[in-house]
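First up is the structure itself, then whatever we jot down about it.
Here the chain labels run A, B, C and D in written order, and each chain numbers its own residues starting at 1.
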C-alpha cells in the first residue's frame, strides 16, 4: 500500500476519533436515561457543553504551578495519540509500529500521572484525595489491562495491535477460553479506568465517593473542556480496543478505500451496542464502597492472569 | 659473629638498664639498645640472604631463612615497641601507676625478654631452645604484674603457672626427642642439635616421635595460646602494661609457634605430614572458632584484641598444619602482618585507654575528635586485623582460605563463619570507640604514633605488593618448613 | 613506545584514568587550602576523568578483549587487568554517571569545612577508583581487593556525619553485610577454582566443575553479590546506608556501586561458570520478583525522601534480576536469541537505573542542601522555590515510573518482550511461569508511578506545609550552578537513553553476544535502525520513542494553538474552591503517609505496623504510624540471638579457676596421648 | 638375662620416687610436703649418681651434684623460709577428697606404663623401664597441681613435676647435655625465686595464699 494513502488514513482515523468521541458519550448518557426512564438529553449535548466551556473565562487557583495549566493539553495529547495507535477503522497504519500495546498502556499511565500531579498542585484536600484514589485504581487497573493485552499478544505472537487484529480478525472462528477470561477482565478495567459505576460515578460530586471529579475540581472553562474531551476520547479508545481484541471482524486494511464505508458501518454498529451495554451495566450495578474497589480490580487482575495461564494450559 | 652481636646487645642492654633503668634517660637508652639490636639483625639478615644458612659456636647456633626472618621481625617490633613505650610509660608514671624502681625492672626485663626470644629463635640446640622459652616466661611474668593490682597479680600468677606447666610438658617432649635421637646419633650433645636431628629425621623412631610431638605441641602450644590451653593469654594481655601486651601478642606467640613448627619438621620426617598436620589443623580450627565466639563478649579492649590474637594464631597454626609451599608461605606472611598489625593496634589502644582513663570499651568514645591520628590508627588497624583489603592480613588469609578450599574444603565454612563473627564483634566494638561524641581528654605527652603508622604502612604495602626478595625469602623458609 | 601504545589501548586508558582518580584522592589530603582545591579542582577533574572512562568504555565495547598485567599483588599471582565488552559497558556506566555526580558534588560540598572536605574528597575518589578496578580486575585477588576497598571507602563516606548514632549503626550494618557478602564471593571463587591452576579469571574459566559444584558456585555468587545489590532478604543495609550518606555519595552508591554487584553476577554466572542452567534462572526470577514487590511496597510507606529512593533501588535491582533471570532461563534452554534479549533488558535497565536514580538522589540532595528538609511531610510547594530542581526531578520521576518516552520505559518494555518470548519454551511449567513474572513487573511499574506521584505531589506541588520541626534554612533558593549542571547531565541521559534505544541496543547486543555467544536475531538487527527499536522481528514488536515523542508533542501543541487561536487566552486568578469550608490550611493536604493509606489497606499483612491513635482528651492530638521491615524479626534478630547464645555457652570455658585451666591442659594431654596410642 | 645390680638399684629408687609422688598427692600438711619434695630430690640425685657410675658418663656426676644442691638443700630451704615468713602451716584442703585423688592417680600410673612400655622395649639404656615411672610421676604431679587449692602446694607440685622430668632425662636417657641441664636448673631456681616474690605480693594483696581469691578474671 502506498504511504501517502496510509498517512491519509492515519490522519482521517485520528480526526474521526476525536470528533466522534463526544458523540459516544452522548449516546451512552442517552441510553442510560432511557433505561432509567428519564427524559433523555440530546445525543449532541456533550458538544454543546464543550463549546460552552471553551467560551468561558477560566478561573485558576492562586499558587497553581505551570504544571497545572499545561496538564489539560498533555492529557488531550495523550488521548489523541492513543486514538492514533488503536486500529479503529483500519489496520497497518504507518504510526502503528511506533507504539505497541505496552506503549499504549504507557500513554494511559502518562495521562494518569499528569492528571494526578495536577490535582495535587493546588494543595486542597480534595485534590490529594482524588489523586490518591485515582492512583489506587490505576496501580491495579494498569497491570490488569496489560495482562489482558498480553493474552491476545500470546495468541497472536505479537504485541503490535495491528498484527493482533489481523491475526484475530482473519482466523476462522474459534473459541478461546483465555480470551473469554480476558474479555471479562477487560470490561472491569474499562469500567474502572473510565470512572464508571461501580467504581466511580461521573454524575456526582459526593466527596465520600468521587475520584475523577475530585481531581479536576479546580479546573474550569477551556481546561475543563479539554479534560472532558480527553475523557471522552479515552472511553472511545477503550471501547475500540475492546472491539479490536474481541470482535475485530470487518475492520479495513490500511489504505484500502473501498473497505472504508463497511469498516465505518460495522464500527458504528459495534459502538452503539457497546454503549448501550455500558449504560445497561451502569444502570444495573450499584456503586461499590471505595474500599471494595481494590478487591474488584484485583479480581480483574487475577482474571487476566488466569486468562494468560489458560492460554498456556489449553493451547499449550 | 653477627649472631653474637644480635644476642649480646640485648643482654648488655638488660644489664645496663638493670643498673640505670631508673634514670630519666632510661627509655631513650632502651630504645637505643633495641635499635642497635634491630640494626645488627639487619646485618645478620643480609648475610644470611647473601650466603645461606650460618652455623656458629660449634653448631650451638643456627641461622636459616626461616628463623632469620623472625629474628628481623622480632628486632624490628621490639624497636618500635620501645619507641612507643617511651611516652607511654612516662604517662603511666605521671598517672602514678608505676614508680621508678618498677620502671627500672621494666626496662631491664624488656631487654632480657628480647634476648630470650632471640636466643630461642637462634639456638640450634633443642634443649637450649626450651630453656630460652622458659626464660621468656620468667622475664615477662614480673612485667605482667608490674602494676601490682590484684587483677594484675592474678593474671601473672595464672600466666606463670599455666605456662610453666605447659613448658614442662615441652621438656618431656624434648627428652623423648633426645631419647629417640641418641639411638641414631649416639649419646652426647650433638643429638639435641636441630641440624643433626634434621639430617637423620627419617630414621628416628616413629612411636617415640609421635609421643614427643604430643608433649611438644601441648607444651609450646600453651604459649602459642591454642584453645583450650589459651586461658592465661587474655588475662596476661589485659592486665600487663600495653607495650608488654604488644610484644607478647606480636612476638612471643610467634616464637612459640616457631618452636612448634621446628619440632613439626622433625616429626614429619619420621611420620609423614598427616599426623602433625592433622593435629595442628585441629587445634588451629578450634582456636579460630572459639576465639571468634569469645570476641563478642569482651568489655575490656585489650582483652578483646588478645582473643583476636588467639584467633590469628589459630589461623597460622592451621596454615602450617596444612603444609605445602603456598600454605607455609601464607603462614609466614600471616606471622609478619599479624605481629605488625597487632602491635600497632596495641599502641593505639594503649594511648586510647590513657586518654579515656579506662580500658573498658564502654568508657572509650569518639577518639576521632580528641585525636584523629589515634582514631584512624585504631580503626584502620582493626580493619586490617579483620582481614579487610588492601591490608596484608587479607593477602595471607586469602592464600590460607583458597588453599584450604581445595585441600580441606570441610574446614573452610568454619573458618569463614569465624571470620564473619569476628568482624561483627570487633568492628561493632571499635566503631563507637572511634566515632561519635567523645569522653576522652588530652595527654601530657604527645603520643608516639610513628610506630603505628609505620607498621600499618608496611602492612598496607604487603597487601598490594610483596617485594621479590621478600617473596624469595618466604619461599626458602616455606621450603624448609615443607 | 610500547608503553605509550599500552596507555592508548582501552585497558591502559582505563587503568590510567583509575590511577588518576587515586592521584586526585591523594592530592585531596595535601593540607594547603584543600577545601578550595577539592571544590575547584579535584571534583571537576574527577568528572573529566569520568567522561574519559565513559569514552574508553564506549570504544572498548567494539574491540576484542584486551588484557594487561601489572607486577603487583601476590608473587605468583600478579594483578591481571582485562577489558572486554561487558567490563567496557560497565565502565561506560561508571564514567558517565560519576561525571554528573562529581560535577554536582563540586557544588554540593561548597560549604564543607576544610578538613572534612579533604577526607570526603579522598574517600570519594578512592571509591571511584576502586569501582573502576572492580570492573578491570581479571583475577580473584585483585577483584576481592578492589571489591572490599570499594566497600570500605563507601563505608567511610556513609559515616561522614558520624556524630549521629543512627548513621553509625547504618554504617556498621552496611559494612557487616558487605563483608559477609564478600566472604561468600571469596568462597565462590574458591569453588570455581576446582583445585588446579592459579586464581586468574582465565584459570577459573578453564576449570570444569560438575553440576553440583557449579550450582554451589552459582548460589554463592548470587547471594554474595546479592548482599551488595540489596536483594531480598539481604537488603536491610540499603535503606539505612543510602540515606545516611551525603547525597552525591548516595547517588553513586545507588547508581553505580550496587550495579557492580550486577556486574559481578553476570561475570561469574555467564563468563566464569559458563554453562548456565535454567533452574538457576528460576531462582533468580523468584528472588527478583520478591525483591521488586517488596522494594516498591515499602517505598510507598516511606516519608523520608532518601530512604524512599533507597527502597526504590531495591525494587529496581529486582527488575534487573527479572531480566537477568529470564535471560538465564532462555540460555539454559538453549534459546540464544531470547536469552540475549533478557540479558540486554537487564543490562539496559542497569544503565537506566544508574542514570535516573542518580538524578533523583541528586535532586533529593539539592532539596536537603537548600531547605534542610528530608521528611516529605515537612515539604510542599517546593516547585515555586526551586523550579529548576523541580523540573529535573520531574524528569527523573517520570523516567523511574517507566513512562514513555523516557528511558525507564524502554528497559521495562524490553523485559516484557523477553517475557513474551515464553512461547518458544518447551517446558510447560516454566513457560507459564514467565508471564507471572511479567505480571509482577507490571504491578511494580504501576506502584512506582503511584509512589512518585506521591513524592512529587507532596514535595514539590501543593502549598508549603508548616513543618513539625521547622526547616533550618527557611528561605532557601534553587540549587546552585554546579549542582544544576550535574542534574542536567543526568537528565539529558534520561532523554538520550529513552529516545535512541536502538543504538544502545547494538552496544548491548555486542556485549551479550560476546558473553553468551548468541546475539539478537538477524532480522531484529536489520530492522532496528536509529529510529526503530526491534528486539525480535518487525511484526512481533517494535517501538520508536522518537516518533512517539514527536507525535505527542505535535498533537499537544496542535491542541494548544488551536485552542489559543480560536478562543481567547484570558484567565482569572482566585482562591481555590473551599467546598464550603471557611479556611483551608496547608495541613489539610495529603501527607506522604496519607497517600500510602490505600496500599496499607490492600497489602496490610506485609508490614509490621505500630499505630498510636490520639486519645479523646488530648490537647494536640497526633496520629503516628511506625512501619517496620518484618525481615528484622524473621532473619536478622534470630541470627544475632543464635550467635549470642552460642558465645554465652562457649564463655563457660573461662570461669577464672586456675585448677580448671590446668585440668583443661591435663585432659588435652591425656586425650592426645590416647589418640596417639 | 641377669639384670645388673646398679639397674636394680635405679629401679628401686624409681619405685621410691613414685611412692613419694603418691605420698605428696595424699599429704595434707605443707611442711611434710616440703620434706617429701626434698626426699624426692635426694632419690633423684642418688639415682643420677648411680647411672653416672654404672655408665661412666662423667657429666652426670655434675648433674647429680647440681640436683643434690638445688633440690635437696636450696629449694626446700627457700620454701621453709617462705612459709615461716608467711605463716602458712595450716592443713591443705583439696578440691576432691584424697581417696578419689588416689584412685585417679592409680589410673594415671597404669596409663603411663601402658604408654611407656613399647618405647621402653626399644630403649638402648640399661634403665629402660624407668621411663614409665618418670612419666607417671610427672602426671601425678600434674594431678596434684590441679587438686590443690593453695599457692604453695601448687608450686611444690610444679617442682615435683620438674623432678619427674629430671628423672626421665637422667635415667631414661643418660642425661641431657650439660648446657641444657644447667639451663634447666637455672630456670627452676629463678622460677622458685619468682614464686617466692609472688607469694609476698599475693599475700599483701589478698592477705591469704588461697587461690580462690584469684578467680576474678573471667568471662561473664
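The rule is simple: a contact is a pair of C-beta atoms (placed from the backbone, for glycine too) under 8 Å apart; a residue touches a chain by one contact, two chains touch by 3 or more.
Keep in mind that what you see is a predicted model, and the values were worked out from it rather than measured.
Ranked by separation of Cα centres from chain B, the top chain is A.
Averaged C-alpha coordinates give centres for chain B and chain D that are 31 Å from one another.
Chain B and chain C have Cα centroids lying 44 Å from one another.
Distance between chain A and chain C, defined via averaged C-alpha coordinates, is recorded as 36 Å. Chain C and chain D, compared by their mean Cα positions, are separated by 70 Å. Multi-chain contact residues of chain C, defined as those touching 2 or more other chains: 651, 653-654, 658, 662, 669, 673.
Multi-chain contact residues of chain A (touching two or more other chains) are absent.
For chain D, the set of residues that touch two or more other chains comprises 115, 142, 145, 154, 211, 214-217, 219-220. According to the touch criterion at the top of this document, the contacting chain pairs are A-C, B-C, B-D, C-D. Here chain C touches chain D in the complex through residues 651-659, 662-663, 666, 669-670, 673, 677, going by the rule given at the top. In the complex of the two chains, the chain B residues touching chain C come out as 157-158, 161-162, 165-166, 169, 210-211, 214-215, 217-218, 222, 227-229, 231-232, 234, 279, 290, 293-294, 296-297, 368, 383, 386, 388-390, 394-395, 398-399, 401-402, 405-406, 412, 416, 419-421, 423-424, 427-428, 431-432, 435-437, 463-466, 468, 471, 475. Per the touch definition, chain B reaches chain D in the complex via residues 60, 125, 127-128, 130-131, 134-135, 138, 141-142, 145, 148-151, 153-158, 160-161, 164-165, 168, 171-172, 174-176, 178-179, 182-183, 187-189, 192, 205, 207-208, 211, 234-235, 238-239, 294, 297.
Per the touch definition, chain C reaches chain B in the complex via residues 72-75, 140-141, 144-149, 152, 159, 162-163, 165, 168, 171-172, 175-176, 179-180, 183, 186-187, 189-191, 193-195, 199, 643-644, 646-648, 650-651, 653-654, 658, 661-662, 664-665, 668-669, 672-673, 676. Residues 54-55, 57-63, 65, 67, 73-74, 76-78, 80-81, 84, 95, 97-100, 102-103, 106-107, 109-110, 112-113, 116-117, 119-129, 131-133, 135-136, 138-140, 142-143, 146-147, 150, 153-154, 157-160, 163, 207, 217-218, 222, 226, 291, 294, 298, 301, 305, 308-309, 312-313, 316 of chain A are the ones touching chain C in the complex.
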